[in-house]
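Two complexes are shown next, each including chain A; its partner changes from chain B in the first to chain C in the second.
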Partner chain A sequence: MTNALLTGLVLGGMYALIAMGLTLQYGVARIMNLAYGEFLIGSAFASYLLFTGWAVNPLVGLVVVVPVSFVVSLLLYKIFLTPLVRRARTRDALEVDSILATFGLMFIVQGTLLTMFGGAYFSYSFLAIPVTLVGEVLAMNRLVAFALAVVLGTVLYLILTRTRIGTSIRAVAVDPNVAPLVAINVPQLSALAFAVGGALVAAAGVLISMFLTFSATSGVVFTMKALIVVVMGGIGNLMGCLVAGVLLGLSEALVATYIDPGLTIAVNFALFLGVLLVKPAGIFGRARQ
Partner chain B sequence: MTGSQLLIGGAGLAAIACLAVLPSLVDAYHLALGITLLQFTILATAWGMFSGPTRYVSLATTAFFGVGAYTVAVLGEQLAWPLVLLVAALIGAVTSAIVGLSTLRLSGVHFVIFTFGLAELVKQLVVWFEVNKSRVLGRYIFLDISQQDIYWQLLALAVIVFATGWLIACSRLGFALRIIGEDETVARHCGINVTFAKVALFVISAVFMTLVGAIMAPRWTYIEPSIAFNATISFEVVIMALLGGAHRFWGPALGAIPLTLLFEFLSARFPSTSTLIMGVVFLLIVYALPSGVVGLVDRFKGMRSGSEKKRSGA
Partner chain C sequence: MGSATKQRAVGLAAGLAMMAGAATISWSEAQAQTSVKIGYAISRTGPAAGGAAVTSIPNYELWVKEVNAAGGIKLGDKRVPIEVVQYDDRSSAEEAAKALERLINQDKVDFILPPWGTGLNLAVGPILNKAGYPHLASTAVTDRAPELAKRWPNSFWLLGTSADASKTLVELLVKLRGEGKIGDTVAMVSIADGFGIDLSAAARPALAAAKFKLAYDKTYPVGTQDLGPIVNEVKALNPDTFIAFSYPPDTIAITEQARISGFNPKVYYTGVGTAFPLFKGKFGANAEGVMGIGGWSGDSPAIKDYLARHKASAANGAEPDRWASAVTFASLQMLQQAIERVGKVDRAAVIKDLQTGSFDTVIGKVKFENNMPTNYWWVGQWQGGEFYGVAPSGNAGARQPILPKPAWKAQ
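Up next, the complex of A and B:
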């Protein structure tokens, strides 16, 4: 039981971290990014190459991969998504357009990874040292990843709640139509939120690559889980991400331990539907008109 | 008006007759191509049937296609063929009704997320069942159904899809759906049972997709979950429908034909980069042709009425 709870908690922390980037991209920039998991896998491969090619420690690799992903995401938003934002007359139209555009993007990234790496599974061994915690054995790399996820989440939370720019970002998430009235530059902040989301997903990808095997096509599952967590927690809500992520991680670990490891996606969906039927706007979401 | 309708009807009948005699005239390669063309025409049309008027982006095509194929793999040798198809259709209807009832009352985004993972969910459930209960992963399909039979069945199904679409468009359901697509709140205030209309249409569209999967299944001799629930099919169907234009019933078919040929060509010439190229094609369509070929034709005719001015890519 302790083991399942511990595994679930660590997994849940990772899900929360993965979903934080998406909640910025979707909640603030209004881009429902179906290529999100592909960026995670892309960063995982980058970390793999750095580690196996140049023996760069993945934790040092973060310093390279995260800024690169920030810049790439920023350019992506400015060049590729801005035309859609301009074209869209309503939020719903932008949502449909962004779904379609990022759906295409997903296949481009996936196709690029496939041509580079083929369909095989990759992993590398880093900090795979057993550690005993509350009488249970866990791998060091998982714990390090979890600790970093907690640090990143806390920093992001503090930035969003304690700084001026964070407050403006939250204002855009709440209502992008009213935000300009208090002199908030919505397009600029949307671009920033999208880029920070890209940086976060890159961090998550590097951390996950330390303990999980991955392949060019495994991004879809991460996108799905991130979307589920974001919607379940209430779109654009960091606290919701955390709670929903941990809930998802725990339920997965419990089902895998006590029922069948092959039913994790079924659990995700059951939880997703269960939450939405009770609270359609998510756990921390407020009903919108 | 009736004169032109008669003309269209006659042309349609003539086209069906030509298509029906085709298998006896062409070689195996072109027959296979014809089957693929029909397959995607039906899938894209069925997709547009639901997603066109409601503007909900469904990414679940392959889930239903796979359900159909798997029904044949399990029951193909136990029952007579028409019964197998009937059972497949029923399973497709029940599955889609469950999915529709649980997600279509929620907003469009929830529906997209749910359908995005649906194929993966069904795949996992099938794998779980096969591993734990039937203890086989992967099944052989030995059925005495020739390529020509598959072609004719698909052709018949294509005719039924178009007839159904025409009937729905003329019916109260079709009228209700057009109002829902314009504005769901308005539809609700008009006394339309929005959930019922959406679920009904989703089920009809899913039954066609399931039947395509069932009819296509004998083409493979070996089937396993990762073959049946291949996510690429959902993707291809969405691009085809978008290229043609999803807001007209016959739009998706216009996109299905050129793109099927393009993908055939690409997968033969550049097998390793076909995913990448498909992604590029998708983006070109989303950016350059937001309302599809049909939208372009309408614009040239200069007859864009108020309702069509709204972009309706999905």
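Up next, the complex of A and C:
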């Protein structure tokens, strides 16, 4: 039991980590970023290159990859997405436009990765050492990723709930039409949220590359997973993201251990549907008036 | 003279010669073959891209490069270069079918190389058969191979059947048990997708018939991100033999987890990906003693030479996988030899020659019987940095398996 719980918790932490960036990009900036998984894979490749080419420890690599991704995402928003934001009459229209635009972006990023790395699988070993925790053996790299997910989640949560800028970001997420009335600069905060989302997805990519085998075309799996977690937790809600991620991870590990590993994905989707039936806006989501 | 200018000059000269010749030589000679057009649609993107990039694409490119460097394919008494037309099938059967129709009807290619993987090869089979192109399926494992070879006489199934794969593995286990090296308990996991379903379905009755005790037999879905629960449960059962009919990402993940949990059965066998250079690159000394599907005669000079050429030709000096890569390259050599023996682009005659002829390839002499080879490697094992074929033990170059598998080392 302990083992299944621990494995599930660690896996859930990974899911939450994957989804944290998307909840900011989708929930606050209203950009439904379909190229999200490609950015994750791009960071995984960056980490792979740093590690195999220059022997840079992925944890040190974070210091390089995360700020780069922040700047790239910011530029992307300013140059590529701002015209869409200006043109969109409503936020719903922006959502649809962003789906189309980032769908194209997905192919560009994927194509670039394919030309650079080809379609083959990539994997490297870092911190793949066993650690014993409450009598159970876990992989060090997964634990480190989990710990960093917790740290990132906590810091982000504190920023969002305890600071002025965090409160403004939440205000944009809740109602972007009213937010300007209290002198909140919605376009600027949206850009910031999108860029922070980009930094988070880069962190996730680097951490995940330590233990998952990836290829230039495996991004879509992560977009899907992140989307499920974000929608299930309540769009734009960080706490929801963490809870939904952990729920999915735990259910997967428990089902694999006690029922049948063949049912994990089915149970994941059942859980997803179940939550949406009871709370259509997600676990922590507020229904729109 | 720069190479571009030189090329232009040669082209110009050839053009002039052709214009001058056109007046004197007969029409049919002017139309004579100046190149052999080879087309293929391969998965550059999508879920099959990972396999195609390791096993098919580098071999297609190596072959074309080597043939053209030698002056081309010999048609009668002259050599003509290979011209390549290629598309991305995006790992989709519909795209592959569309691309092939285009290759046949619009590009009018002379020969077509197969896509990667069982599913796509089955999907394009009818098209190649209808159009009368030889279909050398070098990366497909299917139990329907003998039946398909009859239905589509142009198709050749170079990797054999999954029943054969499972049967050979079980035969090896029976032999090892007879030698007192392993006991009766077997744990088996498989991926819930074509290959995993086929192989586990064939292994179940074979294991039962050989009186093995199947202590664990579960499947997991494609895209499972943590195989820890499976490995931990299997470890608690302490089987002598562990079999995973897995795909490359899960082959890596299961092995990583087994190492971390210290799960070290006497026989440790994983599926596709075990023979990949990625596996050796990732696990290093820990690959030692790991068994997997495939294998090759690692000591044969032809294979050593092929390995060196592949490394020199592929991007980043990538090595081939130790199973279908060499078979794929061999199938291209066979195609070339058949075309050269026929001496012209006559697809029906080439198919006939493939069916009946005997061929010298990197994997040795190959002769088809009922459109399938007579020898396959089904079980290989990493021994001292090379993935040697260990079963069927009757194959030339088969090595003795190392048992029990050495303990995992701390990395």
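Heads up, the rule we're going with is that the second predicted complex is superposed on the first by the 281 of 289 C-alpha atoms of A that agree within 3 Å, B and C clash if a C-alpha of one lies under 4 Å from a C-alpha of the other, contacts with A are read in each partner's own complex, and residues count from 1 in each chain.
Just so we're on the same page, a contact is a pair of C-beta atoms (placed from the backbone, for glycine too) under 8 Å apart; a residue touches a chain by one contact, two chains touch by 3 or more.
None of these values were measured; they are calculated from a predicted model.
Placing chain B and chain C on a common chain A by superposition gives a clash between them.
By the document's definition of touching, of the two partners only chain B reaches A:101; chain C does not.
Within the superposed three-chain model, A:93 lies in touch with chain B and out of touch with chain C [touch as defined at top]. Look at A:110: by the touch rule set out above, it reaches both chain B and chain C.
When the shared chain is aligned, chain B comes close enough to touch A:276, but chain C does not.
In the superposition on chain A, A:228 makes contact with chain B only, not with chain C. Contacts of A:157 after superposition: neither chain B nor chain C is touched. Applying the stated touch rule to the two superposed structures, the overlap between the chain B and chain C interfaces on chain A comprises residues 110, 114, 221, 260, 262, 264-266.
Listed in rising order, the residues of chain C touching chain A in the complex are 43-47, 49-50, 52-54, 57, 189, 192, 218-221, 223-226, 228-230, 232-233, 248-249, 252-253, 256-257, 259-262, 273, 276, 278, 282-283, 315, 318, 410-411. Across the interface of their complex, chain B is touched by residues 32, 34, 83, 87, 89, 92-93, 95-97, 99-101, 103-112, 114-115, 220-221, 223-224, 227-228, 231, 260, 262-266, 268-269, 272-273, 276-277, 280 of chain A.
Taken in their complex, chain A has these residues touching chain C: 3-4, 7, 10-11, 14, 110, 114, 118-125, 128-130, 137-139, 211-218, 221, 249, 252-253, 256-257, 260-262, 264-266.
Residues 55, 57, 59, 102-103, 106-110, 112-114, 116-117, 120-121, 124-125, 127-128, 131-132, 231, 235, 238, 242, 272-280, 282-283, 286-287, 290, 311, 313-314 of chain B are the ones touching chain A in the complex.
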